[in-house]
Amino acid sequence: MNNLSLYFGLVFSGILIKNVLLSQFLGICSFLGVSKKTSSAVGMGMAVTVVLVVATIASYAFYYLVQVPFHLEFLRTISFIIIIAAIVQLIEVVMKKYMRGLYESLGVYLPLITTNCAVLGIAILNINNGYDFLGSILYALGSGLGFLLVIVLFSAIREKLELLDIPEAFKGLPIALITAAFMSLAFIGFGGIL
Amino acid sequence: MKKFSFKGGIHIHGSAAKKALTTNSQIIIPKDPEYLYLPLNQQLGKPSVPVVEVGDQVKAGQLLAIKDGGFSANIHSPISGVIEHIDFFINEPTGQLSKSIVIKNDFSNQEVEYISRSTEDAMKLTAKNIVDIMEESGLVGLGGATFPTPIKYLGDKKCSAVILNGIECEPYNTADYAIMKNHCKEVIRGLKYMLIASGAPKGYICIEDNKMDVYETFRQTLSGDTDIQVALFKEKYPQGAEKQLVSALLNQEVTYGGLPIDIGVIVNNVGTAKALCDAVELGKPLTHHYLTITGNVKSPSNYYVPIGILFKDLIDDEDFDKNNVLLAGGLMMGKTMYTEMTPVTKGINAIILLEDLPKVGPELQCVRCSSCIDNCPAFLSPTNLAQLVKNNKYDTLNEYGIVACIECGTCSYVCPSHIPLLDYIRHGKLELRRR
Amino acid sequence: MLETLIIFLILGLLLGAILTFASVKFHVETDPKLEEIIEALPGANCGACGYPGCSGCGKAIFEGKAPVNSCPVGGSPTAIAIAGIMGIEANSDQKPLVARVKCNGADNAKAIYEYSGAKSCLLAKNSFSGMKLCDFGCFGLGTCAVSCPFDAIEMVNGLPKVNAKKCTACGICVKACPQFLMELIPQDQKVLVNCNNTDKGKNAISSCKVACIKCKKCEKACNFDAIHVGGVAVIDYTKCTNCRACAEVCPTHAILVYEKNNIVKVVAKVEEKSGCSGCSANCER
Amino acid sequence: MENKMRKVTWSPFAHSGNSVNMAMLDVIISLIPVIIASVLFFRMGSVLVLLTTTASAVAFEYISRLVLKRYNSCQDLSAVVTGLILGLTLPPSTPLIIAVLGSLIAIVVVKQLFGGIGNNVFNPAAAARAFLLIAFSVPLTNWVNPMTSTYVDATTSATPLSLVKTVMMNIKTGDMEAARTAYSVIESNSWGLIKLLFTGEVAGSLGETSAIAIIIGLIYLIVKKRIHTEIVTSYVGSAFLVTVILSLVYDLGPLFPLISILAGSLLFGAVFMATDWVTSPMTKKGRIIFGIGLGVLTIVIRTFSNFPEGVVFSILIMNMVTPLIDRHTGNRIFGKVKVKSNEKK
Amino acid sequence: MKISDIFKDGIYRKNAILIMLLGMCPTLAVTTTLSNAIGMGISVIVILTLSNISISIMRKVIPAAVRIPAYIGIIAALVTIIEMLIHAYVPTLYVSLGIYLPLIVVNCIILERAESFASKNNILHSTIDGIAVGIGFTLAMLLIAFFRELLGTGAILGFTILPASTNMLIMILPPGAFLTLGIILGVMGHYSNKKKEELENE
């Protein structure tokens, strides 16, 4: 029971409280870049979620099966980024061949994810926070869903911002950042829920 | 008593008072003018083709122009006289240059021989006979849209009901009221011929609850008649819009971008029924019709006028001088005319003179109060459409269903930010059509 | 130390092998042009273009959905490289174009009614062909200015004024004007016919003071066979030398000269000779 | 051609006479009972805070329009409304400089930078209130007692909301015993508490204390057709339902839901902030979803988070969702057969 | 290419944060105090310069097909070295930079400079470019951190200037970061628009 609530808490806090975008600032580049259209935002968010989970599994396995036994923890960053890059590449190639439909909607976002801080960041955070295997996966899943939620909401607002009478100087990114500020202010409201 | 109504719409402020100007007036028949201007594109669709030449002597009721294909209508001479010109004149309510036949009245009042029938004979006519009569007499929808009437009856779709539209929801107009009040029986007989023509089992006459006297008259006249039902409607604008009327009465919606006949319904104006009755029984083609002249004039009244008469011949110069705005049609859906040298066409059922346009404040930002959405009878989102048009995003207009807009003006009427929403929508429609 | 090397060697080899295998096994044919475009992009995958990464942007450019200068990071060198791949080369033979207005109506053209409707030329066109007696002229409601995506058109005194520096000759205003008054002309063209009225001379001048009256004086004045009067006087820009001869003889000032983005009225030569300009200044016909 | 030129324009040739000014004026009128109640209970504190926020809101509106070189929009009264509502959400003891900062955030950042009235994505007053709460948490959670103007002592007496909060916090930590003890404080005098909550003689933010005053305002707005009632009903209704479930689960007695609805700024937020035209959805269906989201979020945040009140946060969150709601709850267009959205996915 | 041009481009004409809008994650996350921003800035300068140098050296060796993975590998190695150095010598900074230090690996600025500059230019230019872009990045971070630290904690570099009652906690929380950057960009946009207009109206 206690474990269950802990795992639930990991997912929930990934989505709302420690939102990967609004309170941890991971993956802001793609957050600001790929949120001009809701359709792309949905694709990006889903692709990030998938890659987060797969990358977490791989990096977790590599860290505890290879690095820890050989005392190579210091090589964490470099090995993780290589693993992530390889996984992203692999997913892309496989998807392109066998899941054409999915590739059209998700695959195009994959190259962007290699350099998305969220993936590497969550992989490292999982190790830093000492979550167990299941916990790591759930935290990655929660973070991915949090990314998806926020980027979709943000993109819907940005599509609306396009039509508004915003002062010339603030058009585009400045007003998007101010919007993000109030979004993260609203998310602070969830603080301490768990 | 059940009162029908539709979703959306508005109550126009002071509508009762505006109607009261002309409800009790006598129908005035103006004296024949010296010249009549008959534009050839009075109907929706293709312009008619003249069959007379300059210099020809014509009698009242004589065919002047024949329809060009199915989607068009014949035009007949209301008076006897000589054809003076057949040339382009700009003084035509659609605002574009159009060919018109100009007749100089010789005041001899010669008429062609009309083929009249008794009511009993007429009732024995077949559907085809009646549609032929409609075609010959140049019948078009007299509610304002001037849709050639026979087309509604020619389709191979099965028709389940004919609806007579006597709603007249525009605030000033009372011409339909005058027709119903004075020609109750003709209207009913007209509807009966329509039922024959369409093969529909059921007819409806729709009347708004601000015309209770007419409603009672019809009910009494029709007591015992099971084919025809008189339906009472709540006073609301735009109750008289064809599609909204059908949905209110039969709880069926005309399909998007379609016509009422697509769901087996034919809607005609009461004026059309009266004109059909005249055409069938008296053999008279459509040469005269009813209209209301009202607003800021000395003697607002209903008129029975020959088609082609100029506004100038109907209204005092004095009335023209004191008013800046000359409206043809209704207050909500009519058009402004810039000159009184405009002829009355089949589509004009009211002439309204106003001292000035309504004082509306400057256009402000939309405050998303959603009153345009809540009141739109086509369930559109006018403010979104306007915003798309403002931002040159025409591609998405169809997605938002701009085609369903009936241009009733409800959105512009209610907007607290004084945004001319309908103008934006019109612009968007034109832009889409141009592409 | 040795362990590190071994682990990374194994890791590298393993991943390299898998990826090589995968890319051979799951190879999907793509257009070489597309790959070239993606190659030319910076490859930072930053997403600043709004597309999903450089390959997304490349694909959009390849499919013609995005302009060649879509990458804000790469800037103009990238744009030029991509334009080269796409085969859209800057044509050096063609002179740069700019949009101009073929009407100088405004207050010169007579109005027939007071239009207080929506500021949309399309709607105005539908209400009695506009508020001017001249059916060909500008309504001054600024549909072109609204349509311009570069804010290059400004309404000044009821006529659109094109800012040549901002104008990219995209042609959107040409399509937007319901009166067909916008025209793309070479940037260095100075002399222009500012009228589109094809009515007969008498009708034209009665509706607008500065209309072309089809007097054909310009045709005679032109030494280069560059101006001809059809429905209205039209300059052949390939022959025109901007000598202003036509503008000087035009009795209604329908032919005007642009200097530094502003219209300059050319005073007729006749006036210079006689020294008195009274008659021609007051003469409307 | 005669000399006189007729006017030509497009239909319709009539207007209802409705205007934004009138709508805003109605909102101000509906706020009068609330303002009177707050002045009655909090005296000078109320007057000073309200005057400061309103005056500074109007001033900022004027200045920002001037700087942005746009037409002066002060006469549409929306700045007055924002200032008043912001003021009414603040505690009576708010330092005035903080109140001015609140107006600055509300008018300049949240409203004018987005393009002025009609364009703001977030409710200016709610956003500013949340901003101030996070920025200056101490002065904004200092409550004073009504009539006496003494500071509320956290140990002896408390605001009704903090009583509810104590119960909830204990439930959250699983300490049912403490929850029950805390609840007994409410239970011992629940009718008295409800009466106080109706009249408003309790500690709290300026405008939120008196339920009666708020309901009078609500009735005025409904009569004048200035608000969408479905937001108020679905908000309060869903919040009520959630608390009923909570009180059933934890056996907190029948009056607990009523008390937790009346306590805090839930009613005030539901009537005056959530119903803001600009930041709420445009269709009926959307507004009901909006209200339900607000109700659930308010109770969730209020019950389980670090913050005493969830109204402003839930309003901000739902403001954020509004564009998405708007997109997916568009009215079915007349005559169009509904496309089954399931088939797509 | 003139060296002064590289400097101008890197520091302000094409400022990584304020103009190109790259490397947003650390920009927003570690600008709570000036000292953090300085630490991050110096790390980025060092890594960027080193990566530019090494990539410039190897630009003719690395095959085009695998260049991006190779760059990432090089950058990751450099980051790991710096990470270890900071951990050893400035442990407090190591803690406060936290996860954002290893995340320099995926900072778009570094990869972007590698791909678009270092791989096409000689070692000298690449070195200068690295330093210039790094300085531009640091200066922009300092600007943001200045406002956030001053308004949030009332201090500059830890020295208290404003009284505690005016401290706005929100400025050192995430909303403050977004807000500060948004307003700075907006104000900058205002001035650059003005300049552009002046140029156009000439």
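Annotations
Per-chain residue numbering starts at 1, and chain names A, B, C, D and E are given in the order in which the chains are listed.
Just so it is clear, a contact is a pair of C-beta atoms (placed from the backbone, for glycine too) under 8 Å apart; a residue touches a chain by one contact, two chains touch by 3 or more.
No experiment lies behind these values; they were computed from the predicted model shown.
Contact with chain B and chain D alike is made by A, C. Just to note, of C-D and D-E, the chains joined by more C-beta pairs in contact are C-D. Averaging Cα atoms per chain gives one point for each, and the point farthest from that of chain B is the centre of E. Between chain C and chain E, the centres computed from C-alpha atoms are 40 Å apart.
Chain centres here are Cα means. That of chain B falls 44 Å from that of chain C.
Mean C-alpha position of chain A lies 61 Å from that of chain B.
Between the Cα centres of chain B and chain E there is a gap of 70 Å. Shown for chain A are the residues in touch with two or more other chains, namely 29, 32, 75, 82, 114-115, 165, 167, 170, 175, 178, 182, 185, 188. For chain E, residues touching at least two other chains, in rising order: 21-22, 108, 111, 170, 173, 175, 179, 183, 186. Annotation for chain C: residues 44-46, 48, 112-113, 116-118, 123, 127-128 touch two or more other chains. Here, these are the chain pairs in contact: A-B, A-C, A-D, A-E, B-C, B-D, C-D, C-E, D-E. Chain A contributes residues 38, 152-153, 156-157, 159-161, 164-167, 170, 175, 178-179, 182-183, 185-194 to its touches with chain D in the complex. On chain E, the positions that touch chain C within their shared complex are 20-22, 64, 68, 108, 111-112, 115-116, 200. Those residues of chain E that touch chain D in the complex are listed here as 165, 168-171, 173, 175, 179, 183, 186. Put simply, chain E touches chain A in their complex at residues 21-26, 28-29, 69, 72-73, 76-77, 79-80, 83-84, 99, 102-103, 105-108, 111, 170, 173-179, 181-183, 185-187, 189-190, 193. Chain A contributes residues 22-29, 31-32, 74-78, 81-82, 85, 114-117, 120-121, 124-125, 128, 167-171, 173-178, 180-182, 184-185, 188 to its touches with chain E in the complex.
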